[in-house]
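To keep things clear, I will list the structure first and then write my remarks on it.
When the chains are written out, they are named A, B, C and D in that same order, and each has its own residue count from 1.
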Amino acid sequence: NAPFVLIAGPCQIESREHALKIAAFLSETAKAAGVPFVFKASYDKANRTSLKGTRGVGIEAGLSILAEVRDRLGCPVLTDVHDIEQTRRAGEVVDILQIPAFLCRQTDLLLAAGETGKAVNIKKGQFLAPWDMQNVADKVASTGNDRVLLTDRGTSFGYGALITDFRGLPTMAETGYPVVFDATHSVQEPGGRGSSSGGKRVFAPALARAAVAVGCAAVFVEAHDDPDNAPSDGPNMLPLPWIAPLLSDLKALDAVAKGRTLTEAY
Amino acid sequence: NAPFVLIAGPCQIESREHALKIAAFLSETAKAAGVPFVFKASYDKANRTSLKGTRGVGIEAGLSILAEVRDRLGCPVLTDVHDIEQTRRAGEVVDILQIPAFLCRQTDLLLAAGETGKAVNIKKGQFLAPWDMQNVADKVASTGNDRVLLTDRGTSFGYGALITDFRGLPTMAETGYPVVFDATHSVQEPGGRGSSSGGKRVFAPALARAAVAVGCAAVFVEAHDDPDNAPSDGPNMLPLPWIAPLLSDLKALDAVAKGRTLTEAY
Amino acid sequence: NAPFVLIAGPCQIESREHALKIAAFLSETAKAAGVPFVFKASYDKANRTSLKGTRGVGIEAGLSILAEVRDRLGCPVLTDVHDIEQTRRAGEVVDILQIPAFLCRQTDLLLAAGETGKAVNIKKGQFLAPWDMQNVADKVASTGNDRVLLTDRGTSFGYGALITDFRGLPTMAETGYPVVFDATHSVQEPGGRGSSSGGKRVFAPALARAAVAVGCAAVFVEAHDDPDNAPSDGPNMLPLPWIAPLLSDLKALDAVAKGRTLTEAY
Amino acid sequence: NAPFVLIAGPCQIESREHALKIAAFLSETAKAAGVPFVFKASYDKANRTSLKGTRGVGIEAGLSILAEVRDRLGCPVLTDVHDIEQTRRAGEVVDILQIPAFLCRQTDLLLAAGETGKAVNIKKGQFLAPWDMQNVADKVASTGNDRVLLTDRGTSFGYGALITDFRGLPTMAETGYPVVFDATHSVQEPGGRGSSSGGKRVFAPALARAAVAVGCAAVFVEAHDDPDNAPSDGPNMLPLPWIAPLLSDLKALDAVAKGRTLTEAY
């Protein structure tokens, strides 16, 4: 029942300067709000809707930039991995390895992530129920590494749409692992722009508030200084000025929520 | 942005004594929490899963008991109506007429409810999107009665399951009408017990907390002194001892949520 | 395992002349194809998306026109009913009473329909699983009238969309009642045009072919001489020239499908 | 509009003897029915629900057995691949490389498959709309290899369930690539047995009949001599005696369906 953590950053590492700028802003804003902060960014967008989508700076440059963010700002860093070799390389640099939702059932990837000894944040596949994540987490834990986090980033709901089931947070928490709510991917509209995903960022604060009121260990948001022109996930990333008021509200909601364990006190 | 209201009561009026007892408990508990209270109960369960389900005391006895609850406790009373004649009769007694979710597209019923001049609480059909409720509300408003409330009680999600989309609360609020969140029907599992619906009441407080944190005008819950033996909706009704701690948490969350309008301040 | 029946007509009775013209066309086309024909049309569209939608000629004129269609063409006629009084009146005129999908759980309506002694075609609610229809059919059968038909017209699939689960046809057939597939409402897009439903008629023949290949007792389609300008359900109604080739294909598929009972012969 | 092809085999290669036995049976049965046959089996089940699920014989043994099946029976062989190195190795042996549904958005895997020059069968992710597959196919085609097949194996429908949208077959056919219907995975119930998926094989013939009546290039089924004791996908695999009558019916339905192009002739 520790206070919630903020996991945030731009969708992808666009450049060294850009990553450092966004990370510094988020780190300071989180510090001012009294919220622990983890920086997140991707070095490769390996599953873009269309081949034409920008993929990123690549693993070598990306890991180097993530290391610099951590060294400069003193915050843990998180990135996502897509195959076993990437997992090993990223596992030497970052603090938290993230398994993308589409890949959350790939046994070898989960085992490789577990074997690094680093914390592993597994995103729930859009095609899975919350309770299906026990088997998924068990794959990582079978390596002797129980530093697992489980993230909800929405569930398929008809075509081109996701929905968040907030019963999923306490359900996944029954595994004993910390549960993260990803507020910006949860408002994505997959494939909604034809050759890229759409989304409605206006709903992300509402869903983050709901998640914290239900009870979660961390909130994940992607944020950007110019989301409408970002190379990926623009429609759902948050503008930087939203972060401070959002953290302020989430802190207050979290204090209420952490006062009563959901399944015991009613 | 007034503080939230509690709409609560047993699923059905089982007897005069039972209704008065539950109403008195809820009224006192809400008063102690400083939460305005509306008593809800049904005189007829007109759409039970199976013909064998208990339907209730009927409209004549039911309206008389509702009037007595209001007179004794001084709280507004709400009941649901299923045809035009019932609507006219109930409209002479209760403060709020409720349109059941399955019936929310029946134009003549909506018009009849509007014409009573009473407040009309329309439950969003499980088969409708939040934005579809503008056309539904317009039918009532066409009678010159704009005392409309819109309630979310879950949306169809595969078979035998409902899901709550918390983006729906601000979406329905764009109509300008107060939005209610029904926390106990939202955790129903339609048809889940073969000849009656199932449900998981354990999730209702979580969803109520989420709704209040997002922002809503009222929370609707069904409550019972012995839910496991209630004639209808037992699996999702709340036991009475859950109400006081739930209201306490919701009050605190509401104070945070009402401090910042969702769509303007981020 | 009798050959399939065609239930068809315009969504609503627009006028005596229009109904007779469409009925005559469909009757002749069905006769030429060797397919038994039931004429369907509504006298009142009681649940339009918006109050502005055209509702129809009303029950008195409507029943008179339906009687004339039957007398002139010698075909059974079907219409839908929305309350108990309509059910009694329509029950004196038409051959098959239809319970709309939104109303399929209204116990009193089902009982009233059963009590007329006429055949009762119940549309599966978009919010129900196929196996939920056993309880629904039992309500009608409790009146001693077992002349029940069960129709699939699609299931809610996210917002503004329906999907057809073809496992539902054999599942509903396990009740022992004939199963009808409604090919044109199944391709509706509820609320898709803001103040009316959208739809994609181009997919209706595909779904009708699928249904007949799986095995069903009847195919229901709405058809119109100018669907793009029809007062309701235009986007999904079929133009008249599609009917003859569709029946020809369905006949051929039906002959194959009826040759092997689904659950026994594999 | 060529007659349909059968793609069939056991879910996994259990042993050389078992694969050869099943392949021989299916090859003969297809030949007797006059249906072209492709043998399918997996050397590795890389995304089992639970870590405890049997994974298979591995790529080296698996490719050798697939080569032997092709050499002995003269039929093309298909297997699924999970990373770039597997793709290159399998691409030297099999005729059709298959991209699993969960992996259908992994750009590098699609490019690697395309670069082998072999035919690439891409399964539509359970989380994608049919129209999303154009972008997916374009990734393969960007390598200069347009020998792409698109397979429907069901779409997420609530939790633990899949549904088949038969509008998806003509929608995917608009890409110009042949469309395959996977009748046995479409009746899976993901995670339905806790540590493995459930399913209802009884519905697979119904869905296969529907797909052929709508129109498709190939039908994919997994079949086994003892499905109830198979190491994977037992609940949805077909027993061998179902294959001959199913092919007989599908042949007759296909002859009707191929007689009229869906979107042109109605």
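One rule holds in what follows: contacts are C-beta pairs under 8 Å (C-beta built on N, C-alpha and C of every residue); 3 or more make two chains touch, one makes a residue touch a chain.
Remember, it's a predicted structure, so these values are computed and weren't measured experimentally.
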item: Chains in simultaneous contact with chain C and chain D; value: A, B
item: Most remote chain, CA-based centroid, reference being chain D; value: B
item: Between chain D and chain B, distance of the C-alpha-averaged centres to the nearest whole Å; value: 48
item: Chain centre separation in whole Å, for chain C relative to chain B (CA means); value: 33
item: Touching two or more other chains - residues of chain C; value: 157, 159, 163
item: Complex contact set, residues of chain A against chain C; value: 157-159, 161, 163
item: Contacting residues of chain A [partner chain B, same complex]; value: 157, 163-167, 169-170, 187, 200, 202-203, 205-207, 209-215, 238, 242, 245-246, 249, 252-253, 256-257, 259-260, 262-263, 265-266
item: Chain A contact footprint on chain D (complex, rising order); value: 46-51, 55, 82-84, 102-103, 105-108, 125-129, 131-132, 135, 138-139, 142, 155-156, 159-160, 190-191, 195
